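What follows is chain A paired twice: with chain B in the first complex and chain C in the second.
Let's turn to the complex of A and B:
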């Protein structure tokens, strides 16, 4: 026997969570696009699209965050930094989205534990939907996991025959939520799984060594000319995590804000002298690839890419990180590295 | 048609008239086209043209990091022709350095719609040809209808509409990066001494940013829609720009991008202007 959830009970699950004072976040349709957003009504849940336009990072590492506020009086100053995120159910992410949380935990918990990020992580129960379809931009399987991976989820819903989900309670947080709204679940024998696996498209093991060896290579001159430097690929990416800190306010008071930033902006590396060590979009793309597949992997033991394909679907000039990874895979196969220890 | 286009590009590159041709190439699906940069005559077969070619290629003409020393050939739909007219008017490059390869599609975005080469060779000829093609036709009917809807609202309703739209803005500036007229080396939104526009993606700064951008495009925006298409958050920037363009047309009887030889309305004045502010 296993726990099952009829697809038609998905909204009842959310209703149950709302009744128990959870904030519910999930995909909703707004102005023609499907976005993760807070829902006031479970009926707004929209599962038409494979992936949302924005990523779930917004709900852990928001586009703007007040680190503290301050106010200045005549003879005194006050600083406030109280922060208590609401208890949240986040539904409708995919295995790639959930995996991004595990990978981001390593970054935000590395030398300094980011209290805002982890407070939200602790307050949020992540319900993931395993994928019953994929599109040409998906490449989770090329990164060594797949569309029904449970990592990062608190509850995993796997679509099975009979318009149902097989329910996997992954963490204690997930089990606690299930106990709170147990009426919507049934017991039974799940039908066959309806999970769709995209085919593997490149050899991940070849990417990092190739990038390490080829800081200079013709592809950096040829492949990225059309990039507009718009930053969409990084802002929509669940793994991109660069931020800028600015003070906003006046003499009477204000806030210190942590805002998203992007390595695809010329300004990102512009020195006050006017010198820019990454003078062209190609250099910024190289940084993007190297950060994701070399530096992050070295430091945190995993790539800073989960293969969700958002950057590909949203790029205004159709530049595809997947195409570039496939190209790198081909280049690497054509010119393999010297075996370790071999003398050039 | 595509053979004519490729032949023209082949000649320009082969004769050394241009060092680079910027055009459209085929993406992973027929509906997906993307900008390609062709440097050799034997690579011109990478060029395609179909109703799904929607990027405004004129955006690259002011990108110093990719423009070659020599001249550039640009596959130019009416949108590119008009953008180049504005950029030449604003003296952003030497017009002799840009060779236009005029193309047009009868119904952009519609599968199977007819595509053809434009006859004009010089900017002046192409401007006239494009003006003729667009005469009496409102290429952005849908946008115009939506603008009217907005105009019919009360100011409060309109404010509420835009507040909701701008609340989604993540300040990625994709709109700016995709726009040929947004070529400033240091955008006002990046100036921080003083910080004119709050940089956090919050309602005040978002409002500020989107409205200032629309103002800076007054009399310059040619309505290509690249900004709205690039916006990853689906904000209808085309409506905002179309509204400003309408105001400019009504006040100055001027539409951007049809004549590079006339002075642009926002950058010219008359000493005999009747209005007070000039004195």
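Let's turn to the complex of A and C:
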């Protein structure tokens, strides 16, 4: 026997969570675009699209996060931080989204612990939907996992025959939520899984060594000339985590905020002197690829890419990281690394 | 900063203001709370995030040596929003400070050796902390030499300290300004730092070199040190890249896979040579 959830009961699950004072976040249609957003009515849940336009990262690492407030008087000054994230159920992310959380945990917990991220992580129960379809931008399988991977989820819902989900309670947090709203689940024997796997498109093991060897290579200019530097790819990416710290307020009072930033902007690395270590867009794209597939992998043991395809679907000039990874895979196969000792 | 909020600064009071050049100023900051002052410590080479509430944060090294503690100093050029706001602070005003961050100059491992400092322009402040640290422990070192250059005579910072160093008999100071930057009464050298350094040809035997300057100066200084016979593992620098968080999160300061804020800012020339040319 296994736990099942009828698809028609998804909204009852959300209603149950709302009744228990959870904030519920899920995909909703706004102005024709399907986005993760806070829901006030479970009826707004929209599972029409394979993937939302935004990623779930903003519910853990918001576009703007107040780090503390300050007030300055004539003879006194105070900083205050009353951060307490709401208990949240986040439904409708995919296996790629959930995996991004596990990878981001490593960055935000590296040495110094970013309490804002982890408080939101602890307060959020992630209910992931395994994919019953994919599109040409999906490449989770090329990154060594797949559309029903449970990593990062608290509850995984796998679509099965009979308009149902097989329910996998992954963590204690997931089990606790299930216990709270247990009426919506049933027991039974699940039908066959309806999970769709995109085909593997490149050899991940070849990408990192190629990037390490080819800091200088013609493809950086040839392939990335069309990039506008708009930063859309980094904003939609569930893994991109670069941020800026700015003050909003005046000399009497205000807040210091952490805002999303993007390595695709020229200003990102510009020195005060005018010197820019990454002066051209090609260098910024190289940074994006190397950060995701070399630096992050070296530091945190996993790529900073989960193959969700958002950067591909939303790029205004159709620059596809997947195409470039396939190209790099081909280049690597055509010019394999020299065995050690063979180099001059 | 007993809080678990890694972005929360110490509250500081401006304790002193000193103009170094027409646009470079040094601020001395003291901890507003005694308990913060009591538990704060740092080592030469570390940096921090200095802030003015309402304007934002800026990254500077700590410019005073740990041998003279109880306060922190930063020296900065007025260039943007935050540095303008810092410049507008007066004695008694409130500022913020997060830190200390980053690694340190391994000064203890230099004991018994000579130390050669090479700095250009506004890069003297990160070096000043180390220079005073060494001078305050003078008997631990053999020769101490400072080669310092700026664009013009007016751009030389810490003029009082330069005078003091030039008058000390237990160290050598070589000052230079770029051609055209001299004044009629200028008694120092004229020429760029790498050229002046090569001409002065300090001995490399049993000597540690510490270099700090803009990327272009490093590029031309390292080869000179090579020619003078310095091993790259004995050449140190402190690198600066645009930085926001200081704690290895914001993804901005990396050169290749190296986070300046975490693995740096102090590197040997050997380590720098292994980095991609992206600094």
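Rule of thumb we're sticking to: the second predicted complex is superposed on the first by the 339 of 344 C-alpha atoms of A that agree within 3 Å, B and C clash if a C-alpha of one lies under 4 Å from a C-alpha of the other, contacts with A are read in each partner's own complex, and residues count from 1 in each chain.
As a convention for this text, a contact is a pair of C-beta atoms (placed from the backbone, for glycine too) under 8 Å apart; a residue touches a chain by one contact, two chains touch by 3 or more.
Values in this document were obtained by computation on a predicted structure and should not be read as measured data.
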Tell me which partner A:244 touches in the superposition: chain B (first), chain C (second), both or neither.
-> both
Figure out whether A:281 sits in contact with chain B (first) or chain C (second), or with both, or with neither.
-> first
Who does A:67 touch here: chain B (first), chain C (second), both, or neither?
-> second
Touching A:107 in the superposition: chain B (first), chain C (second), both, neither?
-> second
Chain A residues touched by each partner, larger count belonging to chain B or chain C = C
Partner chain in contact with A:254 - chain B first, chain C second, else both or neither = second
First, second, both or neither for A:226, with chain B first and chain C second | first
Overlap of the chain B and chain C footprints on chain A, residue-wise?
-> 244, 246
Interface residues, chain B side, partner chain A - complex = 27-29, 32-37, 55, 59-60, 65-66, 165, 168, 170-174, 176-178, 190, 195, 198-202, 226, 229-230, 232-236
Quick one: which bits of chain A touch chain B in the complex? Just the residue numbers, please.
-> 30-33, 35, 53-54, 63-64, 136, 225-226, 228-232, 235-236, 244, 246, 248, 257, 259-260, 262, 265, 267, 279-282, 314, 316-320, 323
For the chain C and chain A complex, residues of the former touching the latter | 3-9, 11, 32, 51, 53-57, 77, 79-80, 94, 96, 214-216, 240-242, 244-245, 247-252, 254-257, 262, 276, 278-279
Per the touch rule above, chain A residues touching chain C in the complex are 67-68, 70, 72, 77-79, 81, 83, 107-108, 110-115, 215, 241-247, 249-252, 254, 256, 258, 261, 263, 268-273, 275, 277-278, 283, 287, 290-291, 294-295, 298-299
